[in-house]
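One chain, subunit A, appears in both complexes that follow, with subunit B as partner in the first and subunit C in the second.
Our next item is the complex of A and B:
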């Protein structure tokens, strides 16, 4: 289990993480969403022991993370910088990581290496960008850690590699209760892989809930009424977005579907359609509510 | 057979639930047929195993499937009345929506009669 309490991290004047409280139970596939600079990578770097926080606690399985070898060998962090400048070959790099990760599986490594057909004798710094990413992913999966942190690692993988990683994650989640944290801007991927998501903005966590309840708590409404209602007419509901197009009214409303339906039915709609939002739409409307608005730029 | 639409707005576990009910109603799955394990289905469609588990738990809770420890999940002999009851609830909602746009009950009855004529 991952527990963050009052976690704060500054870089000079910039507050990267502002008093974060977060608990991630084991076996969770956790999606971290947020704008660029929201603090996602900083959280992952603290969880992997690269950064030390200024204030608050960061614990994994009840133990502090920073400078703690017994915790760090349970965590593998996949990001772009991990092996960027390595002069090692893939095999040398594998042997290097194997020293730190006692559960390393040669069998899994061989299987993955043969599937992807990465060269064993070429220096990593001569790999293409995509191959570097594949190399760190297969080493990460072979380390068999209880915690796997993927910092935008999914985003650069080709479709075949994505399927391989997803299948490996299924096995690891069922066999050893792998906890995985994925930061990504590919919300379709997060929707498929994660069961819990958190949205970050300016170093704070805006919400942290299981994916289905996030999706069930925000709705897109298309309605037509006999009377023209302006936005104020819907003040009994939490309206995030209001738009009129001729006779149709489009609303984005937070809350329970049945409650929305019953309140709107009082206005006797001629047409009433309530549809769930995609994760991408939720992200955009939530960010709009926080003043991070893409509609201002056309 | 268990394909679902990952682009759809409907939550994945809900789609899986509906898919299995649909396969049972179409008799592609019969009572006591084994359904895929959580692991196999999650890998096949490329989703989180917890999501598949959630769908299976809901199906089991609703008496649509049953599971045997160490052997897997199977289709139960379903009392179709509960599924029918759900269809009736959806029908009632549709009637309310129709009445809201000033369709009369008489018009709805005409439409149902026409539908019955087509099915004969």
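Our next item is the complex of A and C:
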């Protein structure tokens, strides 16, 4: 289990993480969403033992992470850089990591390598971006760590490869209760892989819930009213977004669906449709509510 | 199959890093093999060829070999030495390359995550990266060292003159000894290169700063110490730059280490007390360890996110930039001329601001840089001014207490300059007190002169060195080295005058002093006998050709030294400083010149046993005894004959160009060593001799006669104003004025010979 309590991280004067509390149970596929600079990569680096927090605790399985070999052996971090592995061939990379991770599996490595068909004796800097990514994911999965952290890990992968990698992750999660934390801007993939998501903005966690309850908590309403109601007319509801187009009114409302319906029915809508939102739409509207939107760009 | 976990990830990382450095280690090995081993091989070839040539040439000179049968003269191996030196330099620089590679995650952002997320603690990571780099760097050097030792050993077998070649390098009896010391010294110098590189990289966060300051610091450290030290300490009275700065310079940087080894090789002549191991190597290793340990503390406190900042520890940058400003200031105000302040400020400001712009990656907040510069400059000038005003924070006036001193080494030629400068080590309390007393007198004189001085524009070095020896420009150079009970040493050098030197008069008659002077003579003769199979001692005075005694072995030498030692220890202070017995002659070696009289009965017996005819000295030879001048001293000061200052005021010299009966009388009673009231001296064959006070009337008579003649002669010269001087060698010197005439006679080449003055009307 991953536990973050009161976690604060600063880079000089900039507060990257502001008093974060987060618990990620074992076996969770956890998605980290957020605006650019929200602190997602910072969390992952603290969990990998790369950064040390200024305040608060960061524990994995009850032990502090930083400078702790026994904890770090349980964590594998795949970041968004590909340059760092350039000196190695795939086999050399395997041999390098095999030394450090006690549970490294040659069998899994061979199986994954043969599935993806990457060249064994070619230097990784001669691979394409996607091939580099594939190589690192293979190594990460072969290390058989309890925790796998992926920062924009799907970037550069073709659609087929994305499916393969996702399947590998899911298989691993099912086989050995792998806990995965994925930070990505590709919300479709988060939607497909993760069961829990947290949204971050400016170093704080906006929400941390399982995906179903996230989706169940925010709704898109398309309604038509006999009277043209403005936004203030819906002040009894938590409206994230209000838009009117001729006779139709579009609302993004947070809350229970039945409650929303009953409150809107009071206004006797001529048409009332509640449409489910995608995760991307949820992200955009939540951010808009926090003032992080594109309305200023004309 | 699941991998087996290794017991310690440190070794895992270390072996991996060594393996990944294999290629550069091979390059290092090749460079190291091109350096010393190739030089040694070529030296062997050269010396062997030279042996062959010399043997053939010997036969040729004996007429046993035709000229066209002579082998060609061997080419000097200088080109190989040059290549070897370059290869060595390149091999040394590889240490920086390896350090940059092993610690790349400290300045290259793309490497941070991969390295820092590995299951290693900070300590494990540092240890494995540091050690693996050191091994990759130094193992090739050691291999090359072993090869060099083998080649050197082969050289000592096949080359007859291999040891002599070593002997030419100042006293090494074995070239293998030299090679071993060079390997040990080279090893630790390279280790320091590496440790300093890691230290600098730990302070920096970007590639440019890491490489620039790593290279730069290797030049900056010795440069700042040498320039700053020389320019500031070099101005301080009594403080010799070499003694003060060289010990620091040679132990604090790799370039300094190279200077240290060269210093050791050049100075080491068997008589020098400088020890390779305790004097240089051990302190050098300690400083290297300081760099390595400091690197660890800097590394430990770094954060992964610090990469890409120019400097992780800005303090390091400010220390460097302040030192640079300090050194520039020292250069500009070396001569303490106020006219240099404006150029100093302009130049140092430019350098400072350029560094700031580079570090800040642009001109942002340049006004802050200007403020920092101003503060730095003010601080530097204040420090330099305080250093000047307080004479090096009181360093000039530092004299240890007698209770703190275990021994003192005095390097000076003796009160009568009987010995070439060599050090005597004094442990007796009285001797130490006398030295302290002398030292105090020197500094008292300095303080008085400093108060009186109003010539602010005169460069300090010139004025103090020349001026603070009172009216006596024939000063004696004395070097004092206090060995303190704490293990520290304090060294000072002065040119001292007679008054000050008198403090040492008791020392010169002590057994401790005499024994060491005798030992110095013994070593000198032993060295000559060892290297050249013979030595000789000469006996001469101003009226004879030298008579020599050849020594083939040390038994006769010991006999002589025992006689000399016994006599020197028996002589009374009165007879030593104001001898009444007639001067018989000098006993001279290459490094001593002791006047012998009847106070040395054992020496006389020894000389007579070796057929040295002392009584010839009593026969006066007017031709050989060339009395050149007589000087009258109209002051009352007590002085030494060897410091007798004919150039000073109240000293009047008259040249003697005629025969007078007083000359023979005085020639028999003058003394080469004398400390007392010297009213008259005579210059005989170019050396000054004191006329004992009881013979002053004879000297006065001679002086007046010479004066009278010269005055008459001078009037003639003054009236006629031109003529010429012809010497016994028929060299002709023309003069057209009285001044030119006087200048000619002041020339020893003329005045030491028979000459005739011809005045042309």
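Heads up, the rule we're going with is that the second predicted complex is superposed on the first by the 293 of 298 C-alpha atoms of A that agree within 3 Å, B and C clash if a C-alpha of one lies under 4 Å from a C-alpha of the other, contacts with A are read in each partner's own complex, and residues count from 1 in each chain.
Keep this in mind: a contact is a pair of C-beta atoms (placed from the backbone, for glycine too) under 8 Å apart; a residue touches a chain by one contact, two chains touch by 3 or more.
Computed from a predicted structure; not experimentally measured.
Asker: Given the alignment on subunit A, is it a clash or a fit between subunit B and subunit C?
Answerer: Fit.
Asker: Answer with first, second, both or neither: which of subunit B and subunit C does A:234 touch in the superposed model?
Answerer: neither
Asker: Which partner does A:30 reach: the first (subunit B), the second (subunit C), both, or neither?
Answerer: Neither partner.
Asker: If you stack the two complexes on chain A, which partner ends up touching A:52: first (subunit B), second (subunit C), both, or neither?
Answerer: The second partner, subunit C, only.
Asker: With both complexes superposed on chain A, which partner does A:154 reach: first (subunit B), second (subunit C), both or neither?
Answerer: neither
Asker: Give one of first, second, both or neither to describe whether A:194 is in contact with subunit B, with subunit C, with both, or with none.
Answerer: Touch status of A:194: first partner only.
Asker: So, does A:270 touch the first partner subunit B, the second partner subunit C, both, or neither?
Answerer: Only subunit B; A:270 stays clear of subunit C.
Asker: Quick check on the superposed pair: does A:127 touch subunit B, subunit C, both, or neither? Answer first, second, both or neither.
Answerer: So A:127 meets neither subunit B nor subunit C here.
Asker: First (subunit B), second (subunit C), both or neither: which does A:283 touch?
Answerer: neither
Asker: Once you lay one complex on the other using chain A, what is the shortest C-alpha distance from subunit B to subunit C, in Å?
Answerer: Checking C-alpha atoms only, subunit B sits 24 Å from subunit C at its nearest point.
Asker: Using the touch definition up top, name the residues of subunit B that touch subunit A in the complex.
Answerer: Against subunit A, subunit B makes touches at 6-7, 9-13, 38-39, 42-43, 46-51, 54, 96-97, 100-101.
Asker: Looking at the complex, which residues from subunit A come into contact with subunit C?
Answerer: Within the complex, subunit A touches subunit C at residues 11, 45, 48-52, 67-70, 72-73, 75-77, 79, 81, 83-85, 87, 96, 98-107, 144.
Asker: Going by the contact rule at the top, pick out the subunit C residues touching subunit A in the complex.
Answerer: Checking each residue of subunit C against subunit A gives 1-6, 9, 12, 16, 20, 110-114, 116-122, 124, 303-305.
Asker: List the residues on subunit A that touch subunit B in their complex, please.
Answerer: Of all residues in subunit A, those touching subunit B are 27-29, 163, 166-167, 170-171, 173-174, 188, 191-195, 211-212, 215-216, 265, 268-272, 275-278.
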